[in-house]
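There are two complexes below, and they share subunit A, which is joined by subunit B in the first and by subunit C in the second.
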Partner chain A sequence: MTRALMACRCLIILVFLGLMTGCWDRKEMDDLALVMASGLDITDDGQLEITLQIALPTGIPSAVQAGGSGKKSVIVISAKGSNASEATGRLQQQLSRVIYFGHRGVIVIGEECARHGLNQVLDTYTRLPESRYNGYVVTAYGSTAKEILNEPYQLELIPGIGINKIQSSKVSFAVKMDEFLNALSSQGRSPVTAAIRIIHQGTDRETFSIDRAAVYQGNKLSGFLAPAELKLLRWWMGGTQQMRFTLQLEPEDEQYKGTIGVELMQSGKKIHTSVRNEIPEVWVNFHAAVRVIDNDTSLDFSRSNNMRLLETELSKQIQTEIQSMLAHVQKKLKSDIFGIGEEIHIEHPYVWKKIRNKWTDIYPVVPVTADVNIKIKRMGKTQAPAHLRKTD
Partner chain B sequence: MKMKLTGIQVFWMITSMDLGMTLVMTLTPSLLAAKQDAWISIVAAGCIALLVTWLVTQAAHLYPGQTLIEYSQTILGTWLGKAVVVIYLVQWYTIIPIVLRQFSDLVQIMLLQGTPIEAVMLLMVLLIVYAAYGGIEGIGRCSEFLGPIILLMICLVLIASLNNIHWKNILPVYADSEIKGILSGALAPASYLGHSVEYLMFASFMNKPRKGAPYAFGAAMTATFFVLITTMMIIFVIGVNLSPSMWYPFFEMTKKISLFGFIDNFDAIPVVIWIASVFIKLSVYLFIACYGTAQFLRVRNWRVMLWFIAPVIFVFALIPQNVTEATGHYLNRYWVPFVLPVNMIGLPLLLLIVGKWRQQNRSTPV
Partner chain C sequence: MKAKKGVSDPFEKKLKELDYAIESKISDKLDDNESVINQLFANCSDFVVRRLHIFGSIPSMVVYFDVLVDNQLWDIGFLEPLMLHESVSIDSPLQLYEQLKFKLASIVQPQIALNMNEIVQRIVKGEVVLFVESFTQAFSFRLKDKLYRQLEEPTSEAVIRGPQYGFIEKLDINLALIRHRIRTPLLKTEKLCVGGLSQTDVAIVYIEHIAQQSVVEEVKKRISSIDMDSILESGYIEELISDHPNSPFPVIQSTQRPDLVSGSLVEGKVVLLIDGSPMVLVLPISFWFGFQTAEDYYMNFIYATMLRWLRYLFAFFAIALPSLYIAVTTFHHEMIPTSLALSLAAAREVVPFPAIVEALIMETTFEALREAGVRLPRPVGQTISIVGALVIGQAAVQAGIISAPQIIIVSITGISSFLIPNPGMSQAISIMRFPLMLFAASFGLYGVVVSLIAVLIHLVNMNSFGVPYMTPIAPFSFSGLADALFRAPWRMLLRRHHHTKQRLE
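The block that comes next holds the complex of A and B.
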């Protein structure tokens, strides 16, 4: 009796062990094609083209040899299809390994594809269980995603990781997959992503740079922001690391250029909204403490009236820049990337209920007033420029 | 051979049964109905859960030492008592396959896409049969060990999510959803937080049967508190634009965690929470179903029932066609409209009132 019981127990334990190994889903590293970045394009005949940048494990040298050129460390492949699953299926047919999206850090959307609209495509990406929200979304500026993913990048072995690192450094403007989707599904906010473009085209130094922003209206791309505007957008979104402004304080003469350079230290933004007759009105207050990092004027900033002058002039200049960026985004691109709708939703929820379905029509005419308040906190090591003009 | 449970074991048993399931399964209906006010729904759900706990502890303490099967017949008479027991048996017999199915669905959707669902289920069935075979005492000790781990894991997820918070997501409070939306959002979590209803069966196994109430209350409150914090966290982190369309928002929240650039992919942690919680829940229910059926049918050795019930639940669990049926339909068509008002509130109330009345009649001298 006891022996039978023992045998029974052993059998059960064996069955458990057999089941727990998860054999059906074992994924060996050398059976996977690790996708580092993927791109979406639309072809002339309306088909979707998917490009994958796949890490080539044998091409990655060990740490000691790193930096040495020679073997390629990625392969880039593309395929067309009527939708994402069909295109991915065709890509799979070219590969001896299973496509694995778990490590994808970047999704590049080609400009044409973005202008065409991208609801359905994104659904495929979120439905896949292995795809993560930590990947960044970037839009190609003036090119297709395929071209971007084929660009070489010197500093990293895998260009996709290069894009990812540029994005995750706080200096750049970055939007993750989930932030993008969140904006896409919100009524009071439009999506915005960083825009990537090819620089030094046609030379042997050809590579990419991320210095613009792509503004969407709904799920369609409506335009791009210039580098200077991107800076202000970053301020609005709350990341001002290493943000610098240059101000022409005095007219240029033969001795001085007349410019002042400042860097933002602490910064912030406050939004206040009010509603009159169902037409909202918005005030935005930008404030920052800055430090002076270069001074090419004849002014001595140890004097308080000079400092006051710099503060007001700087505030005035940034205010003009912000107003023109707002006008560009609001009147021309008609896209609520700032989440003004969400602000009204929060501050005036009952009014929002009435206007939210007309929000895309109302938004371009909403008056937005920006107000900038700059305080100089630090001067650097020197009181005055070493080459200060001797007046007497 | 009498099995004994301590108060602490009952506490951890109810806490872990409540926590994992509520977090993973019921937040989507709540977010769908109440949007960013889902946390108010959880508060309401917690109140309902406390009411259920009060009713069942009061009812169970009328005849300490008897199980539900026995005292429902003592209180309501043989036939009515049997009818009540049948209602509870239906609940137990249907919840086991459904939870088993929900468990295997999640494992399949999120983790093991290539594994046949039968294999995942078989593993769990063998495990819970083993646990239930050992009796409620073994399950109690098991939950005493797993419960703290579940809590710890939840805390870990919450703390690691702190830097993903967007405070404004929770605003505006109350303005968007009316009281109706908030209350309807409370039903699903309430029906899962109300698992203290199983105290009706536990009470008779306790070593100090009358001292159990504070532990049951403590468990309901602990579970509600953690579900509340987690719901707020989900709203803060994911927002209410996306979360209502996700099957498992708690899972997605952990996927977003990324610490110091190199600690990524926390999805293993909810799996621990979930599997531990489901394991305890299933083995408790399996035990209750076996023990209850045996008493009901007057079978001397309740362990015999295991060999009949285990295959039945395995087959039943295969019936739902996909995740929509397993997760949505059972919850919305049976558990919320029937079990919550009848099994969790109505019947304990009936037992309590009739039982009190009987005891008073008996104690007053004729």
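The block that comes next holds the complex of A and C.
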């Protein structure tokens, strides 16, 4: 047999081998229902309700289809089922296109569902090979996921992308699916997510806002952190971009309010742990360099004693805030969202082995001391407040 | 002359008759010679047999092809000196030869032909043959018509900076163009004659001691073993002597630029000039040679390096962009950024075909337009380009046959294939695109990668006259990178040339 004939035969066999498998997973873009966001809720009768926000490509105006702007850009559908796969199957029956999770950027967990616990629900999503781990997990605050996903959003055509963009900006507190699952599976850490809520904007226009954090204990939601606490949590987690604090330095006067506004520039924290009689003890040292951006007091900060006063007062105030936040999370919510258990695991592995099974009981009584050290690095353009000059 | 494959029987018989006639000796009678000649060149209306007396009284006969002889040269350079001179007594052919040399010294040199075979060869090559009564030797003169066009800018390889003329069809002129640039006796030009009927001259040009002698010998061997009736263009030779005639990738570079050829000669390459073809063959070459232009060496080396990288990048686009697009849009949707995925899905919404069919339609249309653009007469070409642009750009999208992103992919691919300077390489890459697209449509990125690996295996397996095709990448040679990945500054390249020289010696 000549080489050419041999090559021909091999080629034919190859082609038929490829065709005979019958498992072509070829899907055209226009055969897919691109899920932008999905939501999990639990109904009153204990069934799971899944909501999907599916993009409508024709509703997205492009140069080619100039007339498409009047159409809706998403559809939101939901279905109930005893588990996630059953609900997804029902959703698929309503759709002419294959549900595709590859572009899902957000999972919204309804408050009820979160309080009920969500281990088994997430499993269905995380097992899907096409599901991305870099989607964000958010928890609905005071509403169901279905309501959140039905909210319009003005800046983006697709609300799901809106949530995703808010989350991926450094200013927001965001937890990705893999981080969430890591925390969920870890003994020394509890999951925490951003919390999304419906707000009324303007007259009667509704939209959503992310200004809280949802704290889990194990797989169950145990409570929410207030916006001020969220800020400190962000500092703990390592992101302080555009973070601002306001301090009441002087009592309010006729001429001025007596407040100082600062913005964090460089910041960080250090954790130290020690163990005495199997009871760990934790010290956290927060430090930051700040810039004064707002001075509504009678003080001139070009004087060093005023600066030192501000530094100590600011440190003191933030320290109290952190202590109260820690107390809230530790004593009331009993959730180790800071990963203190992991820290002890790293620093005292032998102790951890003994205490890890009792950690949920030990954690609320672990003394955690916060220490804040603020340095003022920049004063802005003006040294003394402008209104002081006039009075002089 | 032996019988060739595919030649009809009567033709073979005629050839045998001719062979017999040609083998005859030159007679001392002009009449006998005339009848033999007339028999050989029967029915050739452009063939001239003329009786005349030279040097006053010597009866003789000239035979030649009217169309191959320069008329002015014939009149002034040949007839005038021979016929208007006073009579000279001639006793022997040698004496006549001396006289001819003396009288015609300014223009043409006579050559002595001893048998009919030689005479026929010379006549068909455009020489004038002079028979003289009572001599059994004939004389031939080269009065060839200078049938050639002016030197012009090579249309296929235009440069902004650099010499603005290219090779033409005439072999002698092409040789002169090289000799004008490389003025050394080491530049050797050996001529071979191939093609049973066409009798095409092929010149093997190389610089002694720089070119590898084994390559020269191999080329000579391959050319002389060519068994064809006609060699009409360098493309014939290219295919016949190629190491890999079945591969789409060229192992021999064809170029129209004397500067590029001269540069290659200095680098130790062997060059083949084929009479009647403006394309000159350069060998051996490596894969990377297909991405180099003569101009690379005339401009700033930084810019030239950037251009080379641009060519490599776009060569990759030319071979793989449509298949990557197909693979990503039909198998790996998660790889597309979300907003792009949405607009792709929106654009695909109205299109009835799967991406592979779309791509095949557009790629085929593009290749057809390209071919039409080359074939069509220039005034019509304009029309085609406008219609083509409309068909590709607007109408197909608006009609909902093809999606807009696909048009972008096809246009980028089309432009990419024009970025590759060597037309052979460009064609090879255009061809490889299609199997890659089919593999992408069947197996996704896996198919693209596997077929790219297959192409790579093929390339690495190839060699050109003993030189591995992928040098200097495989086998790796660090110093070779200076002229393949980069265009290093001259001071570094010269050193490389020096090394090449030493190694080859």
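Assume the second predicted complex is superposed on the first by the 357 of 392 C-alpha atoms of A that agree within 3 Å, B and C clash if a C-alpha of one lies under 4 Å from a C-alpha of the other, contacts with A are read in each partner's own complex, and residues count from 1 in each chain.
Everything that follows uses one rule, which is that a contact is a pair of C-beta atoms (placed from the backbone, for glycine too) under 8 Å apart; a residue touches a chain by one contact, two chains touch by 3 or more.
Since this is a predicted model, take the numbers as computed values, not measurements.
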TODO: After lining both complexes up on subunit A, report clash or fit for subunit B versus subunit C.
DONE: fit
Task: Partner chain in contact with A:Leu34 - subunit B first, subunit C second, else both or neither - done: second
Open item on the list: Contact-wise, after the overlay, does A:Ser185 reach subunit B, subunit C, both or neither (first, second, both, neither)?
Closed with: first
Open item on the list: In the overlaid three-chain picture, which partner chain does A:Ser168 touch, first (subunit B) or second (subunit C), both, or neither?
Closed with: first
TODO: Scan A:Gly105 for contacts with subunit B and subunit C and give back first, second, both or neither.
DONE: second
- [ ] May I ask you to decide whether A:Pro57 touches subunit B, subunit C, both, or neither, giving the answer as first, second, both or neither?
- [x] second
- [ ] Examine A:Ile12 and indicate which partner it touches, taking first as subunit B and second as subunit C; both and neither are also allowed.
- [x] first
Open item on the list: According to the stated criteria, A:Ile346 is in contact with first (subunit B), second (subunit C), both, or neither; which is it?
Closed with: first
Open item on the list: After the superposition on chain A, what is the angle at the C-alpha centre of subunit A formed with the C-alpha centres of subunit B and subunit C, rounded to the nearest 10 degrees?
Closed with: 50
Task: First (subunit B), second (subunit C), both or neither touched by A:Arg132 - done: both
Open item on the list: For the superposed arrangement, tell me the lowest C-alpha distance between subunit B and subunit C in Å.
Closed with: 5
Open item on the list: Please report the subunit A residues shared by its interface with subunit B and its interface with subunit C.
Closed with: 24-25, 132
Open item on the list: Help me check something: in the complex, which residues belonging to subunit C touch subunit A?
Closed with: 329-331, 333-334, 338-339, 341-349, 351, 354-355, 397, 404, 441-444
Task: Residues of subunit A touching subunit C in the complex - done: 18, 24-30, 32, 34, 36, 55, 57-58, 60, 62-65, 68, 100, 102-103, 105, 130, 132, 158, 161, 164
- [ ] Note which residues of subunit B are touching subunit A in the complex, please.
- [x] 109-116, 119, 122-123, 126-127, 130, 168, 171-172, 175-176, 238-239, 241-242, 245, 252, 255-256, 258, 261, 264-265
Task: Residues of subunit A touching subunit B in the complex - done: 12, 15-16, 19-20, 22, 24-25, 129, 132-134, 168, 178, 181-182, 185-186, 342, 345-347, 349-350, 353
